[in-house]
Amino acid sequence: MTEAGHTHGDHSQWAETSHCRVAAVRHFGAFAVLELIAPRVARRAAPGQFVMVTVPGGGSFLRRPISLFAAHADRISLLVEARGGGTERLTRLDVGDAVEVAGPLGSAFPTEDVSNALLVGGGIGCAPLQYLADELSAAGAHVTACFGFRDFRSARAAGAFTIDRLWVATEDGSVGRAGTVLHLLAALDVSPGTTVYACGPTPMVAAVQRWTFAEGLHGYVSLEAHMACGTGSCHGCVVDTARGKLRVCAEGPVFRLDEVTP
Amino acid sequence: MTEAGHTHGDHSQWAETSHCRVAAVRHFGAFAVLELIAPRVARRAAPGQFVMVTVPGGGSFLRRPISLFAAHADRISLLVEARGGGTERLTRLDVGDAVEVAGPLGSAFPTEDVSNALLVGGGIGCAPLQYLADELSAAGAHVTACFGFRDFRSARAAGAFTIDRLWVATEDGSVGRAGTVLHLLAALDVSPGTTVYACGPTPMVAAVQRWTFAEGLHGYVSLEAHMACGTGSCHGCVVDTARGKLRVCAEGPVFRLDEVTP
Amino acid sequence: MTERANGAPLDPSPDLSVSLGPIVLDHPLVDASGTFDLLEYARRYDGDYFADFPYAAYVPKTVTVDARTGNPAPRVTETPSGMINAIGLENPGVRAWIARLGEWAHLRQPVIVSVGGNEPEQYAAVVAALDEYLDAAAPGAAPSIQGYELNISCPNVSSGLQIGADRAATAEVVGACREATSRFLLAKLTPNVRDVTEIGAAALDAGADGLSLINTLKALVLDRDTLKPFLGNRTGGLCGPAVKPVALRMVAEVAQAFPDTPIVGMGGVATGLDALEFIACGATAVGVGAANFTAFEAPQRILAELREELAARGFASAADARGVALSS
Amino acid sequence: MTERANGAPLDPSPDLSVSLGPIVLDHPLVDASGTFDLLEYARRYDGDYFADFPYAAYVPKTVTVDARTGNPAPRVTETPSGMINAIGLENPGVRAWIARLGEWAHLRQPVIVSVGGNEPEQYAAVVAALDEYLDAAAPGAAPSIQGYELNISCPNVSSGLQIGADRAATAEVVGACREATSRFLLAKLTPNVRDVTEIGAAALDAGADGLSLINTLKALVLDRDTLKPFLGNRTGGLCGPAVKPVALRMVAEVAQAFPDTPIVGMGGVATGLDALEFIACGATAVGVGAANFTAFEAPQRILAELREELAARGFASAADARGVALSS
């Protein structure tokens, strides 16, 4: 019998496919940071982009979209929250395990000419903001991050982040300030011209969008959508934008805050 | 979310269900002997019976029927050949892994009042004959076994057996005598009244049946059938017998050699 | 899962009882015909299986008027997230079947007998034979047979086109049985049709009290070595989790078309959430089929999960959850 | 897998070429409409994708006469061993589509354009517009469009009942397109019918040259939190390995009913053995759909496996394997 996957041809022509190994795993409650040796992905990656990850074990038919949490040298990291069967299995990966990822995919957060950046994340939506913070800081920008979580359990994710100015709120008050990320924003002193970067659940994105406009700021948002291909073929992942229906995996996931209607 | 399997009730009322652990694994090419700690199964087991094994990992919907290869104290052993996806995963089990088995199921080889026994196996059909040999020998019977394999690869299974008088043939002559198990039988000096026990592919069973009748012997055969439930509910596993269509999992797998029509 | 998302404590035990027409069920789960043999379970159980019987009603394997030996082997194999079968309604015939009723006369739960045949008269003959026997039986001598499920949807018998794929044939079978009995009558629908509500309407118009669905999808599996049809009957019926999305769609269609009709929904139920989804799509009761083959305790597990899933969503009862997927 | 069971060396390279009616294909694999965007692949490839294009013919996503924005999100999700989609035939309309043909005019492989619509005239208008454009196009200015696949089977557009579930409507659509073109015409059949050969016959009688099947099975998935329909369009179409046994059955039925008809078989192909099974059931060519979503190199892998599977069984060619499951 020919087992699926054993007779793959040469991948070298596929910019975006990597068979890689898990180099390190750190767990934070239901979250895991997976560090993968994936030089081809790391070389091309930019903050905001994502990879399609094949769930090992054969139980999941489609690949799962996961943001780049970090990229250094020949490594990429993913912050994965065990939500359903597929992500559950990903968080149980161990050092040395093989994983297949395709990427980097999608649009990146624009980072040029940014001097003040405000990163606003909700729940697992915080994931792409670490890599963004790394790049912005390296480019000399002043980075502030405000993360909102529902409760103690989901706030465990915060432990994975290394951002200097990071404010956390939880709705149940168990970690950081009690309330939503909007309460954190309200308490901030934001310089004019600050660029806002948002990623999180739809109601949060809508609220951040309103706040940004009210403050006269501009910014970007990374959106989620249920995906089949992740690579532009199926039109499964569309969102409504000022430019019409666009694919989160191809034109997105990063859009201008003022062109989306969350 | 409630994960399937996490809220099982109390199993204690099910004679035949065991959550067990792998205590030891030995590999012989594509074959593996899995030793499982399964006191409830071991206590009731008899040679010829089988268990339904849940394939770990979620990729297989139905359980797989596997014969008892041995049973001692609180342990049972299974000899598994990696043939398809399910058995492949079973042979990759490791010490300490959890497995779920239901059994012992089905009919056993009658062993009472046997003084001379001839065990005839073909390929993975040899599996139930080790346990049978153990029981017969313990009861003082004189046991001879003749095993036939296709080639070197399938003859690797022979290494798992500990039967004193064991003759092996391979069709390609790579191990033991060149030819089929029938060539081994032809060379034997069989005492009258010997009880024949057969298990193997259909053509072998048919040939052994003819040989047994020609020699004026009687005996038993363990049959295989594709199974869904393995426990008598679905009527999926029927074979034609002198008693009509019977279920291999309930009335079988062991039948009298003279009642089956292979 | 011990509290709701909003932090309120869980309703400890939602009311699981439902009424399938006149038949009162302790909870919504029944076995799907042909997948669960009560006597086989009882003989493998250490306790009193009749006291611990897990389903709210028992639906035995389809019975026909004459004995049937069924199809040649092989009859079953696995498919991706499912299985295929071509048993061919093997059964001893209604007379021999009745003769064994005493063995499980003490089952407390209601029984719905699945009835098969090639022609209307054969269905009616089974129903009449059972009604006659039940009317004459001494109290406690027979199980509590309270209804019939007319299996007009088995893809594995060669009576030409399936009865359940044809409106007129469906009406004839249901009509003949309606004349034969005043007991509760379910028509079991096949998914191998263009519009399941057309056949449902024909069955209800002809006197069925309710509908069961789905039976299996007609399907073909090849032997990977020979590339010939694997099953002895060539084709068979596909079921299991693979077909659940098709089954949910059809149950929703029927529930929307016939809102007050008792419906037994089934097809791929393997977890309590699956069962709840069928209820949300309008099923009154839920049939568990191939999942029975995965573990002895599957019904107990699915029932426990169903209770948790209802409670986690704040439903006070299974009946409250019925049809919630249908309202827009 | 380097030698046959009998020890004879493998035929190193079975002849994979097949003739789909007048269209000669290098091998049997084509993409299934809506699941593979040539230009998206090309822009992600380091080499010359047009030189390395893996399929034997390219079937683009269905084109309609007017632009369609498709269904509201969400449009896709996973199911056990499969997926469900309700894209809703999003496409820019035939004029805008033609305007971009230059971008892939250099594709060497034949193209079969999938055509959709609500009424016969709309189908015919797309075919006529394309035929007209092709007749006028300068050599090398357009890809080699050699045929049309009439998608009369999409379950995700609200033109009432699917055209492909009705014989008369099928005949009208095919007939209108037959008048509009002399190019090769495939009718793509839906599995949501009682008898797929009835619709197949209607299509062939009305002038179709061949048949493609299956499109997706109409299905429903609920959101597990809200228990409401998950997809924006409520229902969607099920595909992937879960449906393969149903697809094989239908392909075999059609191949048996119309032995000399070119058939594109599809539904759940994920491996070379799957593809071979469709060929064994009578398919001339095999469509790969959702498997494209599992890896960029899926078509290359499936093709390599198909070659091995043919060789391992001693087939000298793909054509030799056609229909071997059908003979008894």
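Think of it as A, B, C and D in the order they're written, each chain with its own count starting at 1.
Keep in mind that, in the parts below, a contact is a pair of C-beta atoms (placed from the backbone, for glycine too) under 8 Å apart; a residue touches a chain by one contact, two chains touch by 3 or more.
Remember, predicted model here, so these are calculated numbers, not experimental data.
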Steps in the shortest chain-to-chain touch route ending at subunit D and beginning at subunit B: 2
Chain centre separation in whole Å, for subunit B relative to subunit A (CA means): 52
Averaged-CA centre spacing for the pair subunit D and subunit A, given as whole angstrom: 35
Geometric centre distance via CA averages, subunit C-subunit A, whole Å: 45
For subunit A, residues that touch 2 or more chains besides their own: 1
Per-residue overlap in subunit D, given as positions that touch at least 2 other chains: 79, 81-82, 224, 240-241, 273
Graph class of chain-chain contacts, one of line, ring, star, complete, other: ring
Pairwise chain contacts under the document criterion: A-B, A-D, B-C, C-D
In the complex, subunit A residues that touch subunit B: 1, 57-59, 84-85
Sites on subunit B touched by subunit C in the complex: 1-2, 4-5, 7-9, 11-17, 54, 60-63, 86, 100, 102, 225-239, 244-245, 250
Residues of subunit D that touch subunit A when the two form their complex: 1, 34-37, 40-41, 44-47, 52, 61, 69-70, 73-79, 81-83, 85, 87, 90, 240-241, 270-273, 290, 292-297, 300-301, 304-305, 308-309
Subunit D residues within the subunit C interface of the complex: 79-82, 84, 161, 165, 192-195, 217-222, 224, 227-229, 235, 238, 240-246, 248-249, 252, 268, 273, 276-277, 280-281, 313, 321, 324-325
